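Below, chain A partners chain B and then partners chain C, in two separate complexes.
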Partner chain A sequence: MARVNNFIERSLVGALSFLKEGIFADEFAARHGFLQSLAPQIKAITTLVFIILVLFAKSIFFIACLYLQCLLLALLSKVRLGFFLKRTWIFMPLFALFIAVPAIFSVFTPGEPLLHFEVIGFTFIITRQGILGAGLFISRVITSVSYATLLSLTTKHFVLLRVLRVFKIPQVFVMVIGMCYRYIYLFMEVIENTYIAIKSRVGVRVRYAQGQHIVAWNIAQLWQRSYQLNEDVYKAMLSRGYSGEPVILNDFKTNKRDWFWLCYTLTLAIVAFYFTYWMR
Partner chain B sequence: MSNSIFELKDVRFTYLGKFPALCGIDLIVSKGEKIAVVGANGSGKSTLLHLLDGLIFPDKGTIRAFGQELKEGVFNDESFSRDFRKKVGLVFQNPEVQLFCPTVKEDVVFGPLQLGMAKATIAKRLEGLIAVLGIKDLLDRSPHQLSIGEKRKVAIASTLIIDSDVLLLDEPTAGLDPLTTRHIVDLLIQEHKSGKTIIVSTHDLHIVEELADTVYVVSQEKQIVKSGKPQEILEDFQLLQAHNLIHIHRHTHDDTIHTHPHLHTEHH
Partner chain C sequence: MHIPDGYLGPATCGVFYAIMLPIWGLASNTVKKTLKARQVPLLAIGAAFSFVIMMLNVPIPGGTTGHAVGAVLVAILLGPWAACIAVTVALVVQALLFGDGGITAIGANCFNMAFIEVFAGYYLYRVISGSSPITSNRRVIAAGIAGYVALNIAAFTTAVMFGIQPLLHTTPQGQALYCPYGLNVAIPAMVGGHMLIFGWVEAVVTALVVKYLQKQDPSLLAAGEEVQHEDHG
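Our next item is the complex of A and B:
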């Protein structure tokens, strides 16, 4: 493959391949694993319950248990552990750390000092309460994001959209997002093909001003195409009876395994809440 | 009682008020007819079908469908609109436009769901179409994962499931391989035999004989220049050549270059 030097080219190729592989491939969702076998609405509800549980938990040990359960579920759902950890750990610690680091110091969280050091005449004290608070925050973030990532990895994206209906999101909203999902791919192909067509005619190197001109022209073209498509799709909807209030297919079916999983999740949540709040 | 479904009188339509798309079309379509509208690219065939489907409305002239004049206002009447959409189905030229849902199954059942069809009826019709079109394996896929032939089949399925009396098809075989073309032509013949009125726009002359009892030729001037039986139209080489529907074929016989108009009317 030719070396990619150009910044725009690199960004374009990277963004397109991420979207195609990450969003549209549905690689893990197509596998026959535990979470894939559950009804999507049950899966979404139980994931939400786990996330709420994580957010309200006060014990790092309990959150760690929930995180281990998440990893176990990933394994049972045939999601490669290395891939899963990479997806959930690369960005999160970065953002969580930025937010959590100040909290470990006595300025923000006063308490029992564990460590102190001086930087250009200022004394910084790290407190036990600060470390515990930051640890709880980071573990909450990582565990809840892991559950959300697992849900999106093991469920086809269009099914996830339809699950929104379970949460009483208006049909028209679900439909519009569904159409966006459908046509983003089409436009990605248009961008890719246009880019190849330009490259085949102008060669590898493009002068800066010429490059700007080409990009601007392409943005305008894409806008025009999307506008035309918008009109045509609306006509196609009208032609098949659309009258402003869309009716969407809802054919989710549940089986015993779904109900068992829902019962387990709800029981765990009730027990956890009981021990965390009422037993105190 | 009149047997006509559509009556067009001096219909004119322009895009953006300045680009003429149809210039004085007179046409009567009777119940159970098979009609082909042939013409070169840009002759206004698609515009004509969109007018017949009540998606756009003429600037001048009138269109009557099932005895009622088609004007923008009449579609505000919900019962008329629903009744019309149940009676008339359009297969768009570009299947990308028609397949706007995230999955094939949602696309196919979109029409009947909007038209308030019972779920049991939808399921039954879907099953029948799956068998006829062989699209079972495509149902859970996203339209962007399909080939052009598969997209075209799904687009046709999404219109056929409504079981409308009139089928409007905009270049249903464009870009398809011979086998898929054959399959679609057979399906449309079957639909006509079951009593449906079929109006096909195409510049693919080799399907015209099978899909039409009457052929209308539309010129680059956006007017109907001739109509008649398929045989009569297909034998009029001068007319077809004048409207870019056949090409001059040049080949060699024993070192002699030979040219003649070339027309495909049969599948090889």
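Our next item is the complex of A and C:
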């Protein structure tokens, strides 16, 4: 029996939200806020330091302080708080919450009982260790996601990808990443147009097996087009002076504010590591 | 399959970055030797292709949808070393720009999807295909089996990463610091879901794409094998 299958809609929504991401990033990155004023490489390094701090932290209180700092940075960078919270809380932290909830019970995390109740004859015990573990897990996920999102929101995407060379990543990788980003837009546009065409011809009432054929056909078509595109792109690269070795322009400049922010971040990291690991 | 930040402890994240560094180096050198200059854009195209496959929803029985990873497919089309770079690039772009997969977990995610899944899938495909012609049905079946098995192996290694966290990082009072579930929960939860649902999505997509390419342009399937032959030669 044919049944309504929303894979076309979902793929279209996915493609559109991807295109929107780029527009949002450009819009926020163009604002005159604190993070936007920092040199991209300093911003990337300091964000990475904060994410590593969150990874190593063992105290919910410290992670909560880092989270508050992230929200403050979002405000100082002229990112609307409502938008930022919606964007960072939906999906990843909610999924983490879904994963963490069973861990509060003694069956997964034995320990000191805090609360117990019965449901249809089964006794459920919530433990102190379970609650603390789940709390730490969720706070770690939400804070890390928030810092990563703030970085991608306040930096133009192509600039953020170029920053990778600061981390001594081989130029061929940086070049491929930069080119890949542009191709993704092209491919999303191709997919969007193809799916709109399919939707206009066959509607949304598709058997799932037929739907799988449609998706596979799309992927095969995309690869065929991509392969043909390769030759044209190579000729375009040659005409722009490509000689077999990628050259990436270095135009990142730093000022006093960048160095101050870097010093603050590194000092915070050293103090946090000292209290977390050496002062125990 | 994409592990976010906060699920794995620093030791696991560090170890998998350390494991992936020489693999990325080897992949970069191998690809430099085997890919002709004019095929360089193909790496970027392969990475974008891999990214887009992960965004395409595939209908599954019951009216819901899932998505394929496409790592085995990219390996069949580009060869395993180029696929390793392509899937790595796709994962880096997802983590950095779209928050899909953690930045500290890039090493672990690449180990699972850009190394384990790519190489297990590719060599399984080659072994099952044997010396059959490029347009034979055996290759379609080989692609499906390789997609299914490789995804499940990758799901298993992901589950092991999750499952060892309570062993590595638990306070003396018994509080988990990272992923709270041990191997006895993580492995059945991850592998079960992939064996029952997502593995089949991967198998169907990989097999059908190979079938379509056999009909439309078999030379595209031969290209991936040529690259690998040049590498061995």
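By definition in this document, the second predicted complex is superposed on the first by the 215 of 280 C-alpha atoms of A that agree within 3 Å, B and C clash if a C-alpha of one lies under 4 Å from a C-alpha of the other, contacts with A are read in each partner's own complex, and residues count from 1 in each chain.
In this text, a contact is a pair of C-beta atoms (placed from the backbone, for glycine too) under 8 Å apart; a residue touches a chain by one contact, two chains touch by 3 or more.
What you are looking at is a predicted structure, and each value in this text was computed from that prediction instead of being measured.
Asks: Regarding the shared-chain residue A:Leu68, is it in contact with chain B (first), chain C (second), both, or neither?
Replies: In the superposition, A:Leu68 contacts neither chain B nor chain C.
Asks: Residues of chain A touched: more by chain B or chain C?
Replies: C
Asks: A:Ala197 contacts which: chain B (first), chain C (second), both, neither?
Replies: Neither partner.
Asks: Taking the superposition on A as described, I'd like to know which of chain B and chain C A:Leu161 touches: first, second, both or neither.
Replies: After superposing on A, A:Leu161 lies in contact with both chain B and chain C.
Asks: Which partner chains sit in contact with A:Met237 here, chain B, chain C, both or neither? Use first/second/both/neither.
Replies: Touch status of A:Met237: both partners.
Asks: Determine, under the contact definition given at the top, whether A:Leu229 touches first (chain B), second (chain C), both, or neither.
Replies: both
Asks: Quick one: classify A:Tyr181 as touching chain B (first), chain C (second), both or neither.
Replies: both
Asks: Taking the superposition on A as described, I'd like to know which of chain B and chain C A:Leu266 touches: first, second, both or neither.
Replies: Neither partner.
Asks: In the superposed view, which residues of chain A touch chain B and also chain C?
Replies: In the superposed arrangement, which is not itself an observed complex, chain A uses residues 157, 161, 178-179, 181, 183, 186, 229, 233, 237 for both chain B and chain C.
Asks: Under the touch definition given earlier, write down the residues of chain C that touch chain A in their complex.
Replies: My answer: residues 4-7, 9-10, 13, 24, 28, 32, 37-49, 51-53, 55-61, 63, 65, 70, 73, 77, 85, 88-90, 92-93, 95-99, 102-104, 171, 173-181, 185, 204-205, 208-209, 211-213, 216-217, 220, 223.
Asks: Could you list, by residue number, the parts of chain A that touch chain B in their complex?
Replies: 24, 157-158, 161, 178-179, 181-183, 185-186, 189, 229, 232-233, 235-243, 246-249
Asks: Using the touch rule from the top, collect the residues of chain B that touch chain A in their complex.
Replies: 50, 53, 55-56, 78, 81-82, 85-86, 89-90, 92, 94, 96-103, 105-106, 109-111, 113-116, 142-144, 158-159, 162
Asks: Any idea which chain A residues touch chain C in the complex?
Replies: Per the touch definition, chain A meets chain C at residues 3-7, 10-11, 14-15, 18, 21, 25, 48, 51-52, 54-56, 58, 92, 96, 100, 103, 108-112, 129-130, 132-134, 136-137, 140-141, 143-145, 148-149, 151-152, 157, 160-161, 164, 170, 172-173, 175-181, 183-184, 186-188, 191, 206, 208, 211-213, 215-224, 226-227, 229-231, 233-234, 237, 244.
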